[in-house]
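Look for chain A in each of the two complexes below; its partner is chain B in the first and chain C in the second.
Let's turn to the complex of A and B:
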């Protein structure tokens, strides 16, 4: 006895009716029409127990929580990060699932959660500042976690990560050694990197070493600027990071991985600089005078 | 007695770019054996006939395996001692069959000017003709008390043996060059296969899928749980088939927008015998998923 079954791919021949119509109806209408057998109620679909994941992107925040961040800097950072979450959520509403991972570094390095958290479920844990600036150790920890066997294990992961570094001072450990390790990591190589220096002490050259370009380094000298810059970098980089660029507009010319990375990093630098140049200083009090 | 199903759906991204579905899938129920197979045509510029390449890969695989089953008793007698050699020979036969199909198709359907128009002349000359048809391949065979599988390129293979636990048994070939996508069109394709052999184990169900399915999940746990749920519903296959097909379309459209293929073979008798165990696994998996989520949301700072 022999029985062979070859499946022809299912193609929607009726251009006026999308096969999605059934799903849209079933998912948005609480009681699908019982008269139409073709409409499936996914509430009754046992397979809906395992949800569908959209293309996903992880944003890594590396945050300096050393003693020099104490006071207004950390207070402002906590406030702006709480406000930022809904804005990043909106980036993900289109067709990308955004996940967030926060690594803090002072005397020790610590993750806010033990794994990247979907932005819908993410709640900011208010940070406190103390200790020294172990930036090199943070780079090593990031290198360790940016792996398919660790924080980047999600099957739906479709984009290289966004990595956003925020610091107000000079590293107290050998940051170069940590950065050297991190630079061997493919996710770091192809990730979108941006950095924010807070106050006068932050060294933009070190930050540019981390991002690979001065265009993706910005500086905030006041609380108002800090809020503006964090929002500009986080929202812009997650928008660019979640953009599919494997094919160009004419769909016949393909971009390789390295071209996509270069194009995205360049776009990020341009957009950050454009947006930064349109910001106004206002009557903000600088961090280093009176905060 | 084995039964099965297979289904391919076109991804939203391919609809948007007016590409045809690049996936193919099939299954075959033989005498005391069954085959599941899926293939995913590469679909990029130089693989402009890969929707045909994936179809040829599926056909080539069933033909190659069937040939080895011409004398099933001899094959099964030899498998325990010589499974590596036999699987290697099946892989070679698949690639040989696929190349013959490609050569025949190309001879009967030379490349058109329209197909060439996307390339500069020297760019087109640099593409090996078999690359026009490049595809991945995932296939598995189950007999009465053994299962084996082969794979080249992306895709997944999930099996549920007697204990009702969903596992991914493929042993991946680490020697394949990391920067080259393994494909049936590679010049050394026969050496790029991954494979597995599971002797002395009765199979409840086995699934081959193209990577569009795997990438529609947020975690590997969810991916495995999905197969356990499908297995729990196979006892009502005729009514459940439509739900599976719609779910694959939903995953393709709301997930990574890629084509998705799923091919399944299962033992009707063993499934009926172990259905309570499978249902228990579904309940356990649901609780484990809730526990994982609760643990994930615990702040560490």
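Let's turn to the complex of A and C:
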């Protein structure tokens, strides 16, 4: 099997399910055929090139649009997301095509657009809040779409996706069941996961279950913080997602797979924590007071 | 203090203040701002020292580079340091990118995004080289800049597509992001960019140095000419998702060049790597051989990597082998029909091109209206590949008669149809004919 290394970093869990189906797509790759060499049978202008082949990076935003998000939180979120898109545009440079997919969950689970949109063309459709918090259903839907046959159908290579969860409350459905399904998905496993809890009600432990570690969970208690945190997480994770691999100071032993496994997720945790710690609390009124 | 505020003033090391006007861009190590200092506009790079391994050593190294000055005018070099803030953060200012230059990233993308002032939307503006000669000149300029840097005993360390500004009309190059440049053997924490890093860095057994620069330089040159990743072929695409471990494998432990003659496991894939497949057929063998060497034996043995001077010679030759046919076809002579030992023929319109042989080259150079040769090609000790020494022109008084004009400041001798050598002063010329011989001094040439 051509991609057996995918299974190697897996230490224990979920071996029984078949998460690798999405990746196993070797038959789509065919060796180039050698055609004849006559000089004029093809476009031979040394200057007419197409863009270099890009690796694709999909950034998934999972956004809680339940009723409790109504008002200032949703207003703030909509505004910061509108402003954020142009900032992420630059991170891809020449190597990466960045796409964005937004999944909202309240009573129902909905995609903002029916397919991931290239960041250059993406326009934020303002969200409204109502209903309950079907987080488990959102995880299931994400699992369903994070597949080569669906939202991750790049003709070329992909980076593991960035998955960013934002919520302000406790799930109203069985999130564990949804998460369990999601955890079998290879894209999720290798993806960069981060989460933002908004206000007092959001449960950081649940968010850490989703991201896999506490380092990649942050909390915003006020409007100013919400904007800061969304920017920090989205920009940092998309930068790390499209780049990667920093230098190790120790050049005495050669790196093995175990050294680099989940290196990006660890780096994301470190950077988020560093950035969060340098942010000062604004004087804003906390989300949960004053109404 | 990570970010500066618009309007904030930053104290410079030797007095004066730089006022922040706007954000230009952000990178892995910090943010670049447009500032005003001493009545002039500059770019200020302001570091996020949290992301730096050794900020004070880094600052000291920057200081040394500023004192040493740039190796040539092809570098947008750090100019002045700022004072260190209380928390240790600092930055430096450099000159702004001049008008008329595009980033290498835009060239690889074939377009750049500009914000349309009316709609506020991002629109794509095409970016490509105007002429083949400008593209090859750009390659020579890049190679030459790194030759100068390495001769100064320094390595760039972080060579990648973000490090250049290029003028697509002339091929002029400006090397930017010079802040990681350090004396060969030193490193202040930078590793490099995936895809450009030498395999031994990816594997974690070496830090950036002059030898790893040479690998990255070969990647940059390959990307510029072949418009693709030299290590991304079938083997890599099969992985579908480029995780940390596949990156370690395909760019480190088991990097295989897409056109490795002894290993066809990683050939370019049609539909994904069409540029490489197309351009690999266009370039002459001596260029392909140099890349094959760089990306096969050069992977495991850094001493086998092509040195800058060798690249420079190869690309000066490549530039001299461009043929611009009257029918509009412009390509390397390798893509024209080699009619006989001394003649090329256009496969499109049938026009024939005579060639001239120089005593310092073992290949013949095609002649066509407007073709040029440069000082370095006729004076062995010269490194000047931009000053035109001679040009093939049409006689203004005798239309249809082609000759070579002496554009240099030296006197040449040329054999005329009467069999006699005449002195050819600067600005003068002589006809191209069957028995033409030219004496440039040390170098001779004949049809």
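The working rule: the second predicted complex is superposed on the first by the 216 of 291 C-alpha atoms of A that agree within 3 Å, B and C clash if a C-alpha of one lies under 4 Å from a C-alpha of the other, contacts with A are read in each partner's own complex, and residues count from 1 in each chain.
Basically, contacts are C-beta pairs under 8 Å (C-beta built on N, C-alpha and C of every residue); 3 or more make two chains touch, one makes a residue touch a chain.
What you see is a predicted model, and the numbers here were worked out from it, not measured in a lab.
Student: For A:79, using the defined touch cut-off, is the partner it touches chain B, chain C, both, or neither? Pick first, second, both or neither.
Tutor: neither
Student: For A:125, decide between first (touching chain B), second (touching chain C), both and neither.
Tutor: It touches chain B, and chain C stays clear.
Student: State whether chain B or chain C is in contact with more residues of chain A in the superposed arrangement.
Tutor: Tallying touched residues of chain A, the top partner is C.
Student: For A:158, decide between first (touching chain B), second (touching chain C), both and neither.
Tutor: both
Student: A:50 in the overlay: touching chain B, chain C, both, or neither? Say first, second, both or neither.
Tutor: both
Student: Please indicate which partner A:148 is in contact with in the superposed arrangement: first for chain B, second for chain C, both, or neither.
Tutor: Touch partner of A:148: chain C, not chain B.
Student: Look at A:115 in the shared chain and tell me whether it touches chain B only, chain C only, both, or neither; answer first, second, both or neither.
Tutor: A:115 contacts chain B only, not chain C.
Student: Pick one for A:273: touches chain B only (first), chain C only (second), both, or neither.
Tutor: In the superposed model, A:273 contacts neither chain B nor chain C.
Student: If you stack the two complexes on chain A, which partner ends up touching A:107: first (chain B), second (chain C), both, or neither?
Tutor: In the superposition, A:107 contacts neither chain B nor chain C.
Student: Let me test your reading of the model: by the given contact rule, A:172 touches which partner, first (chain B), second (chain C), both or neither?
Tutor: In the superposed model, A:172 contacts neither chain B nor chain C.
Student: Is there a shared patch on chain A that both chain B and chain C touch, and which residues make it up?
Tutor: 2-3, 5-6, 8-9, 22-23, 40, 42, 45-47, 49-53, 55, 95, 155-156, 158, 247, 251, 253-254
Student: In the complex formed with chain B, which residues of chain A make contact?
Tutor: Within the complex, chain A touches chain B at residues 1-12, 19-20, 22-23, 40, 42, 45-56, 95, 97, 104, 110-115, 117-118, 121, 123, 125, 127, 153-156, 158, 247, 251-254.
Student: Quick check: in the complex, which residue numbers of chain B touch chain A?
Tutor: Within the complex, chain B contacts chain A at residues 4-10, 15, 17, 20-21, 23-31, 44-45, 58-59, 62, 118, 214-220, 222-223, 225-226, 229-230, 232-233, 242-247, 249-251, 253-257, 259, 261, 263, 286, 295-301.
Student: Over in the complex, which chain C residues touch chain A? Could you list them?
Tutor: Chain C reaches chain A through residues 2, 25-26, 28, 50-51, 53, 104-105, 108-111, 113, 122, 124, 128-129, 131-132, 135, 161-162, 187, 189-195, 197, 201-208, 223, 227-229, 232, 234, 236-249, 252, 264, 267-275, 277-279, 281-283, 330-332, 335-337, 347-348.
Student: Of all residues in chain A, which touch chain C in the complex?
Tutor: Residues 2-3, 5-6, 8-9, 22-23, 25-26, 29-33, 37, 39-40, 42-47, 49-53, 55, 86, 89-90, 93-95, 120, 148, 155-160, 186-187, 190, 239, 243-251, 253-255, 257, 259-264, 271, 274-275, 278 of chain A touch chain C in their complex.
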